[in-house]
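What follows is a pair of complexes built around subunit A, which joins subunit B in one and subunit C in the other.
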Partner chain A sequence: MNVNEKSNGDCVSPSQIDASCRVPSLALFGGAALWLVVGLALALIASIKFHQPAFLADCSLLTYGHVQAAANDLILYGFAIPAALGVLLWIFARLSQAELVLPLVPVVAAHIWHVGVLLGTIGILTGNSTGFAWLEYPRLVFPLLLVAFILIAISAVATFGQRKERELYPSHWFLLAALLWFPWIYSTANIFLVVWPVRGVGQAVINWWFVNNLLFVWLALVGLGVAFYFLPKLGGKPLHSRFWAQFAFWTLTLFGTFLGIPQGAPVPAWYPAASALASSLLIIPLIAIAIIFVKTVCGANVSCKGGPFCYIKFGTVAFLLSGLMTIAVSCPHFSQITRFTWFETAQTQLQLFGFFAIVILGGAYEILPRVMGSPLPFPKFIRFQHWCFMLGTLLLVGSLAVSGIQQGLHDYSFDLALPALRISTLGLFFLLLGSLMFAANIFVMTIKWNLALGKTVLAAVIAPLKTAEVKS
Partner chain B sequence: MSDESKSCATPSNAEPTATRSTVPMWIFSATLVLIYLGTVYFDHHSGWFSAKVYSPYANVDELELYQPKSGAAAQLARGKQVYEQVCGLCHGVDGLGKPGQAPPLAESEFVTAKGITRLTHIPLLGVTGSIKVQGKDWNMAMAAMGAGLSDSDLASVLTYIRTSWGNHAEVVDADAVKAVRATIKSSAPMNGDQLMKMPE
Partner chain C sequence: MKNGFTVFIAALVVLGASWTAFVLGAAVQLGHEKNTTVLNSSDVYPLQRAGDAAFGLDVYRANACAACHTEQVQQSGMACDVVLTSAGKNPTAVSNLVATLKLIGIPEVEADAAADKITALGGKVETRILATGGDIARGWGIRHSVAADYLYDYPVQLGSLRVGPDLAAIGVRLANANVLLQHLYAPKSVTPNSAMPPFKFLFEVRPIGATPSPDALNLPKEFAPASGYEVVPKPEAKQLVGYLLSLRADVPLFEAPFTPPTPATNAPATK
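And then the complex of A and B:
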């Protein structure tokens, strides 16, 4: 960072803004990195169990049902959401050109959140899951996560209120909507499924609605908000354009919410018909996002070299693919093939790892050196991790998608599925390797920062008092 | 973003901006076309929000068509089917008849009468010459359209026309039709006066 930048008048220098995000970023990213590693390790165990059924089978904590659910929730609630909030806070502070308001609130909230995730994971592994997909955490965890999210949202919105420019940047819409979206869907789903469960098939409908709104709409809002910030910033070209982004935002939020009820679900026919209608309309925001992406990225004068720009480019393309897979799964003819197969899992993994994790990690790698005011301890890991994540996503998603279509077309045979499952395990291994590099960077950084902090405190404590002060 | 607000930021720290190129009309047109096609799909597959229609059925009519029926409902369904094949062409599927061709059955005094003697004679023998329905004279010829129907089919049709389109007469069973058929000796079509001379 440029040390000569000093505040003059109303103007807050970028380095001051970055410094105000330091502790919240460390708190949010640190826990997220830990949960990503643990979550991927559990996912790897679950994946190995498909071709080595005896693997860890004697330990009741690590049976498939426990491990798979814990891994999913760790990656979504443990990693994706807090890491996204860390990036969001920094973007809001930067776009507002103001220091983060209430910087301690997100720090406290991050700790509440991570404790909630820890309790939830213990709950799942000990067999106290609620049994609803992507909502497995026991009842106790719901208020913790909700309060933590709202606290972080308060800090973000207060920072937003300090902005110097009245006109909003397109990322603002996406990220502000996400701040409102999560408390709405998370509280609704928990109240009607976990706290006071509704009866009968209504449970399944609420669960489908929640999963789609979280995994598709929420992740898309945050990931695209972050991508629309970093693509023009790193590429050095303005975003093309605010009206295209507006169009993509409204069509995505309008059509995206209706998705998620699978074809052939045991509910009145209008539910899946409405979902199929909305999914065919989803092609419109995808076209808009593709046009924004191509026109913003083409001709950008930046050589990528596996840096954050690469991460976000890859992530945006993965989102477009994942969107096309979502449309395919909701299409009545295609869903006859892919229903209940690995194809649906492949779509979820592409959305989570190929799109969201990569975009957020790219953002985090861009932010970390700025907020810490020092370069990363292992800058080469950025490039290695990019390759690990690309390769891992490709192996994981590609093998499961192909295997899913095979499953749907032929009679299911284990011999047919086994090679694909082995490849997907390899993919998860590469993802785990990449996540270890992120964890190494952030933990070494945190330790260094704590040591430096300790030295400063120690120096202040043992510094000899000036005699003039003693006398007075 | 104005230049002034950027004054304290170095170029590498500048916040991103967005151009103001407009969204072309073709994508709005494409959206509208897709919404239209989507609603057509929804119209064909949703059962219009009915809580009873589940996939693979697409609407309430289709659902009812495939439901097994028994007793009165089965008789009514059979009656509707036979009516639409045999009678509906002239009397109309809505039972309102056709001017100059066939009198209405809805609220016709022959159809809604207490007994079924007069009513049963009409399809069994046919009608010729003038006949007064709801105070209006009709002068036409009707063949013995029901002569070939079995007792139970004829009973079903009569039940259907006596209970549809606002008619609320009693149902007819096959035995009653059989009894009326047994009294018929000739095969000459009836006229209005002959019908009115019969008991109801």
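And then the complex of A and C:
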């Protein structure tokens, strides 16, 4: 590090760094908030169909399979990924102690991404899905999402390159790996399944690999990277040891990536066997993460009060639970009961809402007032939303898990699974309520900012010209 | 880990491991799979779906049927039945022996032992192999699903959730196009407590013309349209049913052996 750089670094104040992330954050979070609300509304429609199968059944757009797939993808591609990228950009800028490089690129990319999600959702509802789980968006969406992601990754990596402190912080490893891993798995899955599909059941293997690596590994990398940044920052205690974080990172990426091939799948036996072995080894990174979490959080001198620190604590615990559920469903003995039941859905929902959405929303709530340079319009919503999300996740995941075990023990009987399944509708309702609060905060903020911007522009336009300048 | 580049290379290797195994491995091993032959026969398996069945797979995809139905039968093991085909020259001894032995639903080793004992006394036996497990007991299939069953399908839609029953062998279990069509139009008319939404948009309700359509559904009164109207399946409904009927998976293969039921006329006289 040369002296010149250092003196430059001293010039950039945190508020300048935050301001450089303003427009990208609004573009990424705004769309994400909208898609979260739409996605949860669709998930609620799908859930109501369990109370009344004929509900909206005569409209071919809104048949159960369409609504369910569109909701899943909206929550993952529409909300989780762009919101996570918004948090990631800010963390990279802050860790680098430098302003965001190429701030316009993520803004353009965010718009490409959200247009892609819109087209994909229309595609699913009109019956043009690819037919592969969590990859339903039709072929034309693939280049849009891939290009948008790569553009954001370029801005993130360029900012990373500007860092003043050469040594990497643990969050760097997790987030950099995530920036590498998403384009890799997403393009692999699309190329091998949609563009030039492989023959026969190889499609299923690649699809399972993709789903696990996106829903478990990618979300874990980003969620933990964000948690390992905010837990020490908000708690005021340093992250408990780089060693454990490093250990957790390598074991998670090494074992976690091999999960996902279900037991008893109609494929050669070594695929599920490799997954079962990897899932039993997954306990190692989980223990490491639990140690990091406990040692970092215990004795932290901060009152939680439903703020971002609470969000991220809850999310990390949910991740540990979701990891244990993953191990359970991959274990050959227990999977006899849970296979093909709602229990597997419960794990996915815990990973998505209990862990990822809560961690990212906590991060977003921490970031928003900083990048906007003004307090949130509805600061009380942070606490309400935390309660809504905790309650909603608990009801949703708990009821799905119970109905899944009922199903598995009783010949996949739908009637026995139904009572618990109906409670899950209530869980989705609370999640929707919480997501509306986030949307309200971000949209009011965006509108205020646009108005202020408009006023500034207007003032500049109608300001009288200085005659001295004209003369010269 | 001070250097970003080292982390990048190491992550590339670690993450690439699963890609090499599960993507490259699957593309090479399963992507070059060829059709096979039915066990103890020269018949080729599987055959490509034809006509309505081929289009029906696309209707199945477009309506996301796989959200609630799987197409994969699980099997927990195999059991053998030892069937006496001829009592030989010493029928009393054989029949006494048979009375002491357990011959139905036994493991292969015991079946071989029992068969050896009976043949030692001059009797002739046939060992029949049966798949066992929850799905088989529910009648959802004869054997577990194997990779060959999906060789020509695109997309392969195995499904992951059983809100409804497994469909891997629906073409054997419910080989009646009319019942399947009626189930699509009004599930509760076939299964009273069905949770399946009706797919009425795959049908056309129209006034009966000069000649009633031969395809019109024959519905129970409470599900029938107003008098003077008939319910006629659109092409998509017919294609979907054609696809469902093509889901059979009922032949023995090397990796999923079983003894096919013998036609009644050739049944050997036992005892």
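Throughout what follows, the second predicted complex is superposed on the first by the 456 of 472 C-alpha atoms of A that agree within 3 Å, B and C clash if a C-alpha of one lies under 4 Å from a C-alpha of the other, contacts with A are read in each partner's own complex, and residues count from 1 in each chain.
Just so we're on the same page, contacts are C-beta pairs under 8 Å (C-beta built on N, C-alpha and C of every residue); 3 or more make two chains touch, one makes a residue touch a chain.
Remember, it's a predicted structure, so these values are computed and weren't measured experimentally.
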item: Fit or clash - subunit C, subunit B, common subunit A; value: fit
item: Comparison of subunit B and subunit C by subunit A residues contacted; value: C
item: Which superposed partner A:247 touches (first subunit B, second subunit C, both, neither); value: first
item: Contacts of A:128 with subunit B and subunit C, given as first, second, both or neither; value: second
item: Touching partner for A:277 - first (subunit B), second (subunit C), both, neither; value: first
item: Touching partner for A:411 - first (subunit B), second (subunit C), both, neither; value: second
item: Subunit A-centred angle between subunit C and subunit B, computed on Cα centres after superposition, in steps of 10 °; value: 40
item: Touched partner set for A:266, first subunit B, second subunit C, both or neither; value: both
item: Minimum Cα separation, subunit C to subunit B, after superposition on A (Å); value: 6
item: Contacts on subunit A seen with subunit B and repeated with subunit C across the two complexes; value: 246, 264-268, 274
item: List of subunit B residues in touch with subunit A within their complex; value: 1, 5, 7-10, 13-23, 27, 30-31, 34-35, 37-39, 41-42, 45-55, 57-58
item: Subunit C - residues contacting subunit A, complex; value: 1-4, 7-8, 10-12, 14-15, 17-19, 21-23, 26-27, 29-33, 61-68, 70, 72, 74, 76, 134, 138, 144-165, 187, 193-201
item: Subunit B-facing residues of subunit A, complex; value: 2, 5, 7-8, 11-14, 94-95, 97, 164-165, 169-170, 228-233, 238-247, 251, 263-270, 272-274, 276-278, 280-281, 283-284, 287-288
item: Complex interface listing, subunit A residues touching subunit C; value: 49-50, 53-55, 57-60, 63-66, 68-69, 127-133, 160, 166-168, 172-173, 176-177, 180-181, 184-185, 188, 192-193, 197-206, 208-209, 213, 246, 250, 253-254, 257-258, 260-262, 264-268, 271, 274, 336, 339-342, 344-345, 407, 411-412, 414-415, 418
